[in-house]
Amino acid sequence: MNNFLSQHAHEQLDHEMVMIEVNLDDCSSEVLAYTMDQLLAAGANDVYYTSIYMKKNRPAYKLSVLTSPTKQQELEEIIFKETTSFGLRFFPVSCHRLGREFYKAKTQWGEVTVKIGIYQGERIKFSPEFEECRALAEKHNLPLQLIYDEAKSIAISQNK
Amino acid sequence: MNNFLSQHAHEQLDHEMVMIEVNLDDCSSEVLAYTMDQLLAAGANDVYYTSIYMKKNRPAYKLSVLTSPTKQQELEEIIFKETTSFGLRFFPVSCHRLGREFYKAKTQWGEVTVKIGIYQGERIKFSPEFEECRALAEKHNLPLQLIYDEAKSIAISQNK
Amino acid sequence: MNNFLSQHAHEQLDHEMVMIEVNLDDCSSEVLAYTMDQLLAAGANDVYYTSIYMKKNRPAYKLSVLTSPTKQQELEEIIFKETTSFGLRFFPVSCHRLGREFYKAKTQWGEVTVKIGIYQGERIKFSPEFEECRALAEKHNLPLQLIYDEAKSIAISQNK
Amino acid sequence: MNNFLSQHAHEQLDHEMVMIEVNLDDCSSEVLAYTMDQLLAAGANDVYYTSIYMKKNRPAYKLSVLTSPTKQQELEEIIFKETTSFGLRFFPVSCHRLGREFYKAKTQWGEVTVKIGIYQGERIKFSPEFEECRALAEKHNLPLQLIYDEAKSIAISQNK
Amino acid sequence: MNNFLSQHAHEQLDHEMVMIEVNLDDCSSEVLAYTMDQLLAAGANDVYYTSIYMKKNRPAYKLSVLTSPTKQQELEEIIFKETTSFGLRFFPVSCHRLGREFYKAKTQWGEVTVKIGIYQGERIKFSPEFEECRALAEKHNLPLQLIYDEAKSIAISQNK
Amino acid sequence: MNNFLSQHAHEQLDHEMVMIEVNLDDCSSEVLAYTMDQLLAAGANDVYYTSIYMKKNRPAYKLSVLTSPTKQQELEEIIFKETTSFGLRFFPVSCHRLGREFYKAKTQWGEVTVKIGIYQGERIKFSPEFEECRALAEKHNLPLQLIYDEAKSIAISQNK
């Protein structure tokens, strides 16, 4: 199994993360997408939107940003500068992350990296890198799912 | 049962209705709510929004407007003037509506109109007018659901 | 009122609950439904999904699991084994629950249990057990709402 | 390849289908779920809900029912009897369905049926029956995804 | 710049806020809208709904209420009395609010108040009051967006 | 006004468009995003997803593809090859598009193209090209909204 490359092979428990949330009701979708890009580029761990229903019949979006405390101020500044928000809220969260390894699966169309999740010392999750599958699918003009399935299957077999 | 007031007691089938749809991705929620009001005031039969996912990572809203063909042009003009849309689409739909009657239910807190739905000659649906329940709830400082339930229960009993 | 059966008649305030959340973007809906079943069977207090918008144009789902701390590890293991997730987050929440009683309402079609909510010593909520209404609706070939409404109405009357 | 069982091996184009839609704003979720069951049991081809935003600040659900014209009246009756709706709408749709075959994949944990989709004579889609995977997962206490992946992989290999 | 009216011109950081959440699966949309009104009238800082997917195939809504601790008990009472909920949960959140000023923009159609957001001493956000724009739009029979854009543009120019 | 560039300056009404829809319940979000890209690259007029609730407790997505009939077959092939779908549906729709012009707005930070919508001969809609605003925002390290607002304001002024 020496094709398996360890990144941080042990699980992590991080009690010092922060979730920032803000409800946006007068912001166009273009700006929502742009703000997501800015936040990720500045180092947010995760960014996502949820469709919500606000007062005065307004369909709106909740922006959620997961971050370490060291990045919090910079991300809040982006939110205040790019969106229409006059206020945001935040609360502490803990994160539990699997250990990770990477395996190079040699499919008949080319090599695909497979990300592997390790839970209590056991390899339990095999996830081919989507962008690499995409590149091969476009190069060989094949359905992407075909390449994804073969890469996953090879990594699982190697692990037995 | 002479408290029952017939509106159009027989079911209707209308094959000449139109559904207008438009995807809005750069329109604030305030404008969405305002446009809904304008469309209803101008005679749309129904207006609603659905949260959708567009290209370029944009969460957006689909506006749906149900109308008779005679109102279609006026409603399209409102959509084009008030929203950010450069194009809309529409298709024909048929509508099947129940016959309707109204009954005055005398609750212990005051009278509430109950809308009754008639399917193939039979009273099958009893729906207290929400705004009247709300007015009584606020006047008597009671949970609205209590008044709603009693009005419905009285109308059902009268029908037996 | 001796038909009322007390379960835990007083309200409860529990400050030791945990909310686990995880964003899933490469998991089929079949697996989402299956995971929900597994989590509930293992003792989660509540499980629900929310549709979210992630980066790279990916519509996805957030899984939320409410649990006591004693079950947290077991539920995390299910999440890691059944879904595609490489990480989850959690935070403490407090729960406020109404006192509960159960009343057997004798409708004309059969008996239906009504769950009653008690707030500061007062019975304020009457909720017929849905599955029992469903069984009677199917047995007598009647609209379910009819049976539900009668059971609720009987329980409310008995309480006066 | 004599393990492949043909159902209707050729693609179908059916221009006579009907989509029924109805907006429900005063109907509990329990009733929504029950109505879906009733509609499927009565022969609807597909049933689903979409979250929508209606006037007067009301979050609501749109019910969509795909059906052949021969079932339309029966399904409309269920909608009118079980839900709070006073009106529904419908419009004609065409359906394009792949040809289908079924293959029995012999996994190390037991047999799983794989549904295969045929487009213009070519097998392009391999979909293990979820309930069979579920049964094996529960019997052997294994992650469901593991069994699903192996069954799919076997069917794809056999097809080469 | 003496047209700018300061409200609380400095940013605020409030660590003592509370988020109340409750999942509602047997509550009509009319009641959801009414409950939102009651909560806002009683002093909730923010109220919104999110569409969620619960067990037993039930599409439902999560109610979220942001409040100061002094209002928490009163708001919980409204939730328990008006909705079908038997339990709710809550957790502490911190709020970060921009400083605010108000500017009277003199458009060609009339005066519009513009709310201004101040981040670290700098005016960064200009938001015309929607209801005032709406009144002018209806009075002059013009697209609302036109008036909104002019008011915003005037306030930005004055700030330079 | 010779800076205004006419594309197809008159409104269009096209009665020959097709809306393709397909419900996807066992397809990962990565594949959903990839399929959207493939469909747009192949010439679909519009592609979007809607979150829906299917039977057996499955949160899923509806894919909607707006197309001319000449592209329909090619787009159906992409759907069948890339997604997990065994069937799709389609129905005819009419499209009403505004006339379009383009104006080069000279902002203090650089030129931005503004798309203008023409309804019955009148310029009623001014929409700055988002990607151009984005490029200037990144170049000058400014909030994107600032540049967007100025470009829009210049185009509106020129039109008077």
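The first chain written gets the first letter, and so on, giving A, B, C, D, E and F; residue counts start at 1 in each chain.
As a convention for this text, a residue touches a chain if its C-beta (ideal position, glycine included) is under 8 Å from a C-beta of that chain, and two chains touch if they have at least 3 such contacts.
All values derive from a computational prediction rather than experimental measurement.
Peer 1: If you check the contacts of chain C and chain D, which chains show up for both?
Peer 2: A, B, E, F
Peer 1: With touch defined as above, tell me whether chain A and chain B contact each other through largely the same residue numbers, more than half shared, or through different ones.
Peer 2: Homomeric contact, same residues on both sides for the most part.
Peer 1: Let me check something: if the centre of a chain is the mean of its CA atoms, which chain is farthest from chain E?
Peer 2: D
Peer 1: Would you mind telling me which chain pair, C-F or B-D, is linked by more contacting C-beta pairs?
Peer 2: Comparing C-F with B-D, the pair joined by more C-beta contacts is B-D.
Peer 1: What is the chain whose Cα centroid lies farthest from the Cα centroid of chain B?
Peer 2: The chain farthest from chain B, judged by C-alpha centres, is A.
Peer 1: Taking each chain's centre as the mean position of its Cα atoms, how many Å separate chain E from chain F?
Peer 2: For chain E versus chain F, the centre distance works out to 30 Å.
Peer 1: Name the residues of chain B that each touch 2 or more other chains.
Peer 2: Counting only residues that touch two or more other chains, chain B contributes 26, 30, 36, 49-51, 53-57, 59-60, 81, 84, 91, 124, 130, 143.
Peer 1: Should the pattern of chain-chain touching be classed as line, ring, star, complete or other?
Peer 2: complete
Peer 1: In their shared complex, at which residues does chain D touch chain A?
Peer 2: Per the touch definition, chain D meets chain A at residues 51, 53, 55-57, 59, 124, 143, 146, 149, 152-153, 156.
Peer 1: Quick one: in the complex, what on chain C touches chain D?
Peer 2: Residues 30-31, 34, 81-82, 84, 130, 134, 143-145.
Peer 1: Help me check something: in the complex, which residues belonging to chain A touch chain B?
Peer 2: 25-30, 32-33, 36-37, 49, 51, 54, 56-61, 84
Peer 1: Contact residues on chain A for chain C in the complex?
Peer 2: Within the complex, chain A touches chain C at residues 17, 19, 36, 40, 46-51, 64, 66, 91-98, 100, 115, 117, 119, 124-125, 127, 130.
Peer 1: Tell me, which parts of chain F touch chain D in their complex?
Peer 2: 21, 23, 26, 50-55, 60, 62, 76-77, 80-81, 84-91
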